[in-house]
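Here the chain labels run A, B and C in written order, and each chain numbers its own residues starting at 1.
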Amino acid sequence: MEDMSAYPQELTGTDVPMVSFRKVKKAYGDLVVLDDLDLDVAAGEMVTVIGPSGSGKTTVLRMLMTLEQINGGVIYVDGNPLTHMPKGGTLVEANQRHLRKRRVDIGMCFQHFNLFPHMTALQNCMEGPVQVLGLSKAEARDRSEELLELVGMIDKKDQHPSRLSGGQQQRVAIARALAMRPKVMLFDEVTSALDPEVIGEVTNVIRKLVAEHNLTMLMVTHQMGFARDISDRVCFFYDGKIEEQGAPADLFGNPQKERTQQFLSAVKEAV
Amino acid sequence: MSFLEFIDVYWPRLLSGTGITVAQFFLSAIFAVIFALAFGLMKMSPNRLVKGVAVTYIEIFRGTSLLVQLYWIFFVLPLFGVTLEKFTAGYVAIALNTGAYGAELVRGGILAVPKGQWEAATAINMSPAKRMWRIILPQALVNMLPPWGNLMIEVLKGTALVSLISVTDLMFEAKQINASTYLSAQIFGTALLIYYILARFLLTPFMRWLEAFMARKLGRA
Amino acid sequence: MFDWLFAEKWFPKFDWRWDFTWEILPRLVEATLNTLIAAAAGYAIALVVGLVLALAQRSGNRLLTFVVREFVEFVRSTPLLLQIFFIFYVGPQFGITLSPWVSGMIAIGLHYSCYLSEVYRGGIESVPKGQWEAATALNMTTMQTYRRLIIPQAVPPAIPGMGNYLVGIFKDTPMLSVIGVAELIHTANAIGSETWRYLEAYTLVGIIFLALSLPAAGLIRAFEGFVRRKLGMN
């Protein structure tokens, strides 16, 4: 058992990061996916995670969304522990109630969109605000229509997902996540399942979010050019660890580690 | 009367009843497979008469109850000059009923074999019969074994109905013992347990083994 | 029209009597009504209990899952006929007397609830994992997720199975005759023992079953299509 007293029950002071991974471990049986991960994301920062498949980069987002349990360490969001809760002067594993309380800060978009097929685009966006946040239908509709407008899907708001293209579905999924007004947005390979010609319509929405909104964002992507354009910081994951990180110009322009160089040149050749 | 005493007195009748049940099961199962293969293949025939016969058979036996079919075969068929002894009427009815469901499984299993297999067999100039027997059916068999496992459980359960035309199977013995002792929980409970053991610990493992065996034989495991 | 087929020289014992047929028809029609009521009541029980059994197996409680799983396996591996006898006769041994109708409905309802629980489980499992993850990302509770997302999506793929078992329950109601429920076979048996004529009654029973269950397959398919369209899922 890990000694939890080493971890603070809440992060205080100036410059509290929006997201903070502290010595986070993740393993499936004997297979260690993430080993003692330390990663801070400042409020309003856009951090992109890149790396070969199997390097644990998607796991980082899934742990933050509490879709995966962690096997060690603590994750803090906005200064509060997410995976744990304070009890009797120390931190204990979070129960469902605590998770429900803390998850309100986080929203996520998935590779395969995961829209609700039996609901229209608008209903998809209204579902969370009405059911979870307890908004009135009118309020939820206003908020959802505003966001569908933002992602350019307002004229398709009454369509079911089966009638929308992949790019359109992903844009609705972004609006659905934003409708919960999260402090942190997670984008998990949101363009990987899309046909090349519609990738742009999704990346443009994300660019707009970065430019116009002060959201904290964590993104996993295979699109190096896009990552370079919009990130404040890029983390290169290799074998469950952050091998190298830095400003996109530095990491892409002048990688220091051999593995980073190998990965980037392999990606370049593939293009 | 304690449960052990009860078993001590009645085990010979339970055993002979179980024997009849098992015999009914095997005969029903064998004929069901034959009917299923025959009518399943017939339903895929391009000849409309052959196909029509198969469709009629399948729809009639799937559209009515096993019990109705059993009574009809036992009580009404003699009027057409076909008198079956009750033991025979029992497994014939079950086999005809199961065969109709099995025919659909055969058809489904065959249709699930990829089209390329038919084309490849044709390309090496196999005759249609040889193509079916050597190439298609073995693969179809692996496809359809899992649902056949469920169907075999239904056959075993179906044999209980033959007690209603006085075949002295396990169900029949249980009813008789109940009528003379009124120890309903003991006798019906024991009978339920015997059926459960037959289904869960003999039949199911055998079907699993057969699935694994066939898969290995076709190099799929 | 088919008289030549049944000519005396072929089938000396065959004599279909139309006057007798008309005489027994009203009794069989009444019995058909009873059969349909029995099937509907048994199905209603099976629908509800089946959902409880399915959700119990997904509860996350290992002991509960194990017990329910074994119960379902047991009921599905043993003959309905024997279960009907068991429920009808074991009650009185412990001072609980159930009418034939009540014990018949319990037996057939319980039997089919086990099959339906498997259909429900299949339906629930057919909902992609991403739907659960999206629900978590929207911070929905387990109850909300089931009610708003999982069950609506689990219904269309479950409809064919649910329909087949409705037809199955209908075709299994003749077994209730053994404890004296006056459904079709019970009535045909009674006619047989009163008149020593089996041909007309048993044949009519078969025709009635065919007439009611043959259109079912098409109706089930149409209903599934209707539900999918209604949910915008096609």
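Things worth noting here:
Keep in mind that, in the parts below, contacts are C-beta pairs under 8 Å (C-beta built on N, C-alpha and C of every residue); 3 or more make two chains touch, one makes a residue touch a chain.
Since this is a predicted model, take the numbers as computed values, not measurements.
Comparing the CA-atom centres of all chains against that of chain B, the greatest distance is found for A.
By the count of C-beta pairs in contact, the leading chain pair is B-C. Taking the mean of each chain's C-alpha atoms as its centre, the chain lying closest to the overall protein C-alpha centroid is C.
Distance between chain B and chain C, defined via averaged C-alpha coordinates, is recorded as 20 Å. Put simply, the C-alpha centre of chain A and that of chain B have 55 angstrom between them. Spacing of chain A relative to chain C, judged by their CA centroids, is 48 angstrom. Residues of chain C touching chain A in their complex: 128, 130-131, 133-134, 136-141, 144, 148-149, 152-153, 231-234.
Taken in their complex, chain C has these residues touching chain B: 10-15, 73-74, 76-83, 85-86, 89-90, 92-94, 171-175, 177-178, 184-185, 188-189, 192, 198-199, 202-203, 205-206, 209-210, 213-214. Within the complex formed with chain C, the chain B residues making contact are 59-60, 62-69, 71-72, 75-76, 78-81, 153, 156-161, 163-164, 171, 174-175, 178, 182-185, 188-189, 191-192, 195-196, 199-200, 204. If you check the complex, the residues on chain A that touch chain C are 65-67, 100, 103-104, 106-108, 110, 112-120, 127-128, 131-132, 160, 162, 176-177, 180.
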